[in-house]
Amino acid sequence: GFAKLDHHRTLRSGFGEVVFCQGKSIPHLRDIFVRFYERDTNVLGTRASVEQYEEVKKVLPMVEYDPTSRILSIQKIKKQGVGCVAVCTGGTSDIPVAEEAAQTAEFFGSNVLRIYDVGVAGIHRLLSKMDDIHKANCIIAVAGMEGALGGVVAGLVDKPVIAVPTSIGYGANFGGLSALLTMLNSCAEGLAVVNIDNGFGAGYIATQINRLKNE
Amino acid sequence: GFAKLDHHRTLRSGFGEVVFCQGKSIPHLRDIFVRFYERDTNVLGTRASVEQYEEVKKVLPMVEYDPTSRILSIQKIKKQGVGCVAVCTGGTSDIPVAEEAAQTAEFFGSNVLRIYDVGVAGIHRLLSKMDDIHKANCIIAVAGMEGALGGVVAGLVDKPVIAVPTSIGYGANFGGLSALLTMLNSCAEGLAVVNIDNGFGAGYIATQINRLKNE
Amino acid sequence: GFAKLDHHRTLRSGFGEVVFCQGKSIPHLRDIFVRFYERDTNVLGTRASVEQYEEVKKVLPMVEYDPTSRILSIQKIKKQGVGCVAVCTGGTSDIPVAEEAAQTAEFFGSNVLRIYDVGVAGIHRLLSKMDDIHKANCIIAVAGMEGALGGVVAGLVDKPVIAVPTSIGYGANFGGLSALLTMLNSCAEGLAVVNIDNGFGAGYIATQINRLKNE
Amino acid sequence: GFAKLDHHRTLRSGFGEVVFCQGKSIPHLRDIFVRFYERDTNVLGTRASVEQYEEVKKVLPMVEYDPTSRILSIQKIKKQGVGCVAVCTGGTSDIPVAEEAAQTAEFFGSNVLRIYDVGVAGIHRLLSKMDDIHKANCIIAVAGMEGALGGVVAGLVDKPVIAVPTSIGYGANFGGLSALLTMLNSCAEGLAVVNIDNGFGAGYIATQINRLKNE
Amino acid sequence: GFAKLDHHRTLRSGFGEVVFCQGKSIPHLRDIFVRFYERDTNVLGTRASVEQYEEVKKVLPMVEYDPTSRILSIQKIKKQGVGCVAVCTGGTSDIPVAEEAAQTAEFFGSNVLRIYDVGVAGIHRLLSKMDDIHKANCIIAVAGMEGALGGVVAGLVDKPVIAVPTSIGYGANFGGLSALLTMLNSCAEGLAVVNIDNGFGAGYIATQINRLKNE
Amino acid sequence: GFAKLDHHRTLRSGFGEVVFCQGKSIPHLRDIFVRFYERDTNVLGTRASVEQYEEVKKVLPMVEYDPTSRILSIQKIKKQGVGCVAVCTGGTSDIPVAEEAAQTAEFFGSNVLRIYDVGVAGIHRLLSKMDDIHKANCIIAVAGMEGALGGVVAGLVDKPVIAVPTSIGYGANFGGLSALLTMLNSCAEGLAVVNIDNGFGAGYIATQINRLKNE
Amino acid sequence: GFAKLDHHRTLRSGFGEVVFCQGKSIPHLRDIFVRFYERDTNVLGTRASVEQYEEVKKVLPMVEYDPTSRILSIQKIKKQGVGCVAVCTGGTSDIPVAEEAAQTAEFFGSNVLRIYDVGVAGIHRLLSKMDDIHKANCIIAVAGMEGALGGVVAGLVDKPVIAVPTSIGYGANFGGLSALLTMLNSCAEGLAVVNIDNGFGAGYIATQINRLKNE
Amino acid sequence: GFAKLDHHRTLRSGFGEVVFCQGKSIPHLRDIFVRFYERDTNVLGTRASVEQYEEVKKVLPMVEYDPTSRILSIQKIKKQGVGCVAVCTGGTSDIPVAEEAAQTAEFFGSNVLRIYDVGVAGIHRLLSKMDDIHKANCIIAVAGMEGALGGVVAGLVDKPVIAVPTSIGYGANFGGLSALLTMLNSCAEGLAVVNIDNGFGAGYIATQINRLKNE
């Protein structure tokens, strides 16, 4: 087997390794899942297809799949959630990315608060949710098109905001570039950005931040 | 003389031709200003330098110059202002572009309301000004960096919003590209965009819109 | 339900909220349409597929669909058209985007004049239509490839022009970028630009402008 | 005065407003500093020039300036540092951006550990510093050119890493774009990115994170 | 001497080699000019500075310099002009590039007709010049900003059009990219494009074309 | 019918109008072909699919289709070929674009010489064909990937060269951008460029040039 | 036959010509393979599909195909391998490109050492393999996403490193651009880069280098 | 002192560490040079200014500076040159980058053959030098503008070619991007590319390759 299981990672970082399922062949993916299952308590796969799920299920019947987030996971021992991560979206089309973030955060042990469809084109929707958002230790702001949500949220809270640009939109959104640049250039303080559509990355670092409060 | 004075334009569109001063040599610019002065009631030059101003002043002592907007103008007959155009900016660094817009709108006969430094990173500043903004027939939203102001304003009013991205910022703003893309991808309705730093263009079309109400 | 219906929007801006159908799942879309239908007088959906139409029709039999513009709409009370918006295109391939603009403008209560296939490569075609175009309060210029139509029209009229770049073309058009940049850099006055292929946005703001004249 | 002092910000987020000095005129900047000084305990300005420093000093003699970080600040009451933020750089040319980050973090009350010139082209330099780095609650990784430092550090720690791309380099670095894309595409978990050369933004969010641990 | 004088070129192509002066040191440039002068009948240098001119003049007093086109040339035997190349510009700011084209064409033996400041924002200016333009065997269309002139001209004539985008403009012109893309994407037939600001290249190929008619 | 047949074009430019078939619906395309057939002697369509061919054939049985060039044409009266246009390609993958150019040139009355697969990676192949190439009045150089063919050919001939970048390649060819930039930046004289994959445009202007020699 | 077989190449460079199969029609590809088979000892095709393989096999039954590398080859006489080329990858998804490199190197006579899935996000994996890597005369580093592997390896060895960016990733990887820029901007010495996904090019030049040691 | 001298590097790779002088302050640079001088036999600095040279000379009088290559070096023991590296350029403007490559290669112990001004626009110049070029173990091809030299050379030799794009040119060369893309997309085998203007990187890896032959 070519893939080197990263035996040091759990020790090093307190989280197990995660499988990037996209583009992996069925036998290869099945092999990785089995090895992780035997070694670790839990296994998390991202960007999995329904077909990959069905094939992995044949050898590991306890595997679970969420078609919205495309997360494929085994959780032998569910972690007790701590603290709070808020996940906000600009529109309903951003929900798949937001769910990847939310479920990743939950997998690694964060409580998650979902606040969806509160984009800045109708700012009163966001403002009416601020009491909830203030409860979180870290906020994830997921938005496509213009991507302004991240900066507006960061201007309203005193906690770190992780912004996730999505590829939602068309034309001059250039596959998410417009939202990415908006977020990188925000003049609000307290904002950092992950790759376009990278809900997983946002959920992971938000959990690292949330755990600090609760250590 | 190479430059063909656009004799048809005033008839055709109700506005005189405007001089783009940037990069024009002193003799060339002086020549154009003199010819326009002799033909038209008023002359408007944009992106003029102090040095250009001083040289034009030698032959046309009534010429006026504003170093913030870099507008060089002669107004023999001041137009009576009509209606209302609101000009908003995200930060104080956007003011030169905003002034180019505002003074252009005034030159062509609009009343202008200035509402500066109300960027979305501190959204309460904009919200506290909404009563004023609602009085305008057209709103110009000038912003650099993330450029989110245009979309947020458009979401709060029922009048057309002309968004002007500015080149203010650094790094991944790519000379105003970030703000431009933000504005083009806004999911708020009622927003159209002009070129980066093109205050003049915004002031001009805002006046065309404002005049419709008052015809 | 995740999607927050924007209850304030009709009040705020005088237009109901619009549904961006592209990428929405059937149940989700059906749910939104039903709720809007119950709350508002009219419902407008853009970028809908035939399949989405057929599924929404099952629950809302009065829904109408135009395969050219891809607009999915319910109009319980047809608004009486006012004023005039002219919609021009460079070629026949730009007509789908133009129809999205035209039907949006009509939905919100504008009279629309269609002037198609008058691109600048055969300038006499446009010139022969100028008498009609001069009747409009606002002109929408839709063009792909080089996208020069917007600037040429703006140079011929004294009304605001909303330019819509389209993704029509190939090679160095880069998905509409060439037409977008042409329009943003036009040296004609009185031009503002919306996103590539955003006929809806153009029809909306043109109606806001057209209504000013008729208030 | 056009600039609206953000009276709500300290309450809202626990930090005072920060002045972006670049491009601001001397009178304008002096005015802002005086008003902040009168209202707040401390004032922080970023991207200030020596000339700006000398002019502000005339009215506020207690102002301090660091020519490396270009930070201009008044600290009437030095905050007691808590926790630990580690600031790493790839090369010595990245130090100005790193110092902007470090001094920002210190200004807002974080202890800072500086670990400079440990770029991945000589990986042993970084590895020999890991014991120190593991003490931090948050790591800031500053790197230009290829920008690989962020991902390598994130792979070695279990704390959040804030990556700052710098514009250091030439040719196909495209003003920092290469480092920015590297950091956004890292396959290490636990990494989020701020704008090119935005040391301030990194120092700010790192402090928000560091404070969580110490609340 | 490192520079290999291209002894074959005159034979091969009927034109002598041309010197790209920009960035060349004075001794290096002087050396090249002397060698070309001794070998050829005529010498043409492009993009020369005044300083380069003055230094070359010291050793070759018959050298001539035009500060608009920045062409530095020696013409021992003036070629008798044949046929006709028309050079059009959109604005007056495009004249330096147009003159580089015109003077290059003249140097190599074409008659040139200059038709400047006939940009498409005032289309009547171009239309009023069509009788002249129809006399040319080849038309050079020079335009910056939106760059639409090339396509409009090509739609009006049955001769080849060489379009030259210029870097004139600002903001989203991206140093001439907007005009370049416009010209490449023209839907008019009979148009080919040279590099941004490459008046020399246009004048050269236009002469090759013009000579065909007159061979 | 929306499409305005360009009745002036044949008069104006000596060539009939050409149909851009790509993306046109069957009824629309059939309608255009019938009208052109009734009005003109010949009809040329580019970028047609096999399906479009079969449908047009039902109403116009004399229509011809070449699957390589994707040209759909009716030639009631074959023009007698004049002069010579040489069409060269870098590789065999560039042949479809080259055939679009060659057949366009033939349609409008040029003799064509095809010299394929002579790319610069094996320069002896091109050099061995120079005797033939020197016979042409205009050379079309079609190349993808690095696109260096245009510049090398232009350096070897004294006739105008029309360079056509193709989208052949992968990775950093960015859909033909690499070849396009190569051709625009060539330091050989006598080269002008058309859009990526635009064989039609090259064949058209080459014919305009070739006809000059033969008028 | 259009394709000119490059009869000089074997003599000139010591390697036979290689077939780029992608996009070639079956008859065309079969024809080329047969001619090469008759002329050369060995034939190498890259980027072949399964379908192309099956069709070529019908006329040349000894042809071999590897679905991972997509290499289609005939090796009548297997070259005796010399020296050593190491091929490393960042992840398992990069293996297809790596195998194209490895099998190309083997085809032309290099011994190859495969070291896969040693990306910098878990740097200990690479460090544990350094003893093997030091045995190679040339190292090929294949990586997508952030692409940092090349620079880290180059910093650890004293042999030339050929870096291959891959298009693996999503979002701001822009089809491999992120990895490409990372590799070009590496501050490690001893690194040169080939096109995105160009395993073949890397395997070829690595063999040229490896052979130098063994001549 | 922040800069960590890379004590392992000489051992690891057989070459001393190199100083990137650009942007370093005088005291900082002087300090680094003194420390390297004391530790190593030789010191190499790249991209140094005349002013940096003069200041370093004050403390290290034996330091040498070449204003063309901008290399600042101390060579206590001149290495005996081995083998042969050929350095070719397209034009004379590329010589500074070529000299950086050549002098780097000489510093590390390669014999260098300089072949300048042999660009592909006059291919006979290159062909007449092939006998010399064939003597090299590695060829460095330096070219700006279209950058085609690398591919043409690689097609003529059987040794590895390192291509260096330069930023020479204007307009659509985009600071060297055009030449970079040309080189990356070359269809000649045996070519790898370094960063724009990175003569140093090319000279370094060429020496690693050249040494293999001579070990």
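Things to note:
Note that the chains take the letters A, B, C, D, E, F, G and H in the order they are written out, and that residue 1 is the start of every chain.
FYI, contacts are C-beta pairs under 8 Å (C-beta built on N, C-alpha and C of every residue); 3 or more make two chains touch, one makes a residue touch a chain.
This structure is a prediction, so every number in the text was calculated from the model and none was measured.
Considering every other chain in turn, the ones in contact with both chain C and chain H prove to be E, F. A straight line joining the Cα centres of chain C and chain D is 45 Å long.
A separation of 50 Å divides the Cα centre of chain D from that of chain E. Taking the mean of the C-alpha atoms as each chain's centre, chain E and chain F sit 26 Å apart. Annotation for chain A: residues touching 2 or more other chains are 20, 91, 122, 156, 171-173, 177, 180, 184-185, 187, 189, 195-196. If you check each pair of chains against the touch rule, the ones that pass are A-B, A-C, A-D, A-G, B-C, B-D, B-E, C-E, C-F, D-G, D-H, E-F, E-H, F-G, F-H, G-H.
Touching chain H in their complex are the following residues of chain F: 90-91, 119-123, 127, 145-148, 151-152, 154-156, 169, 171-174, 177-179, 181-189.
Those residues of chain E whose C-beta lies close enough to touch chain H in the complex are 2-4, 6, 8-9, 20, 22-24, 28, 165, 167, 175-177, 180, 195-198.
Those residues of chain C that touch chain F in the shared complex are 91-93, 95, 114, 116-118, 122, 124-125, 168, 170-173. Those residues of chain A whose C-beta lies close enough to touch chain D in the complex are 12-15, 18, 20, 137, 156-160, 162, 180, 184-185, 187, 189-196, 201-202, 204-205, 208-209, 212-213, 215.
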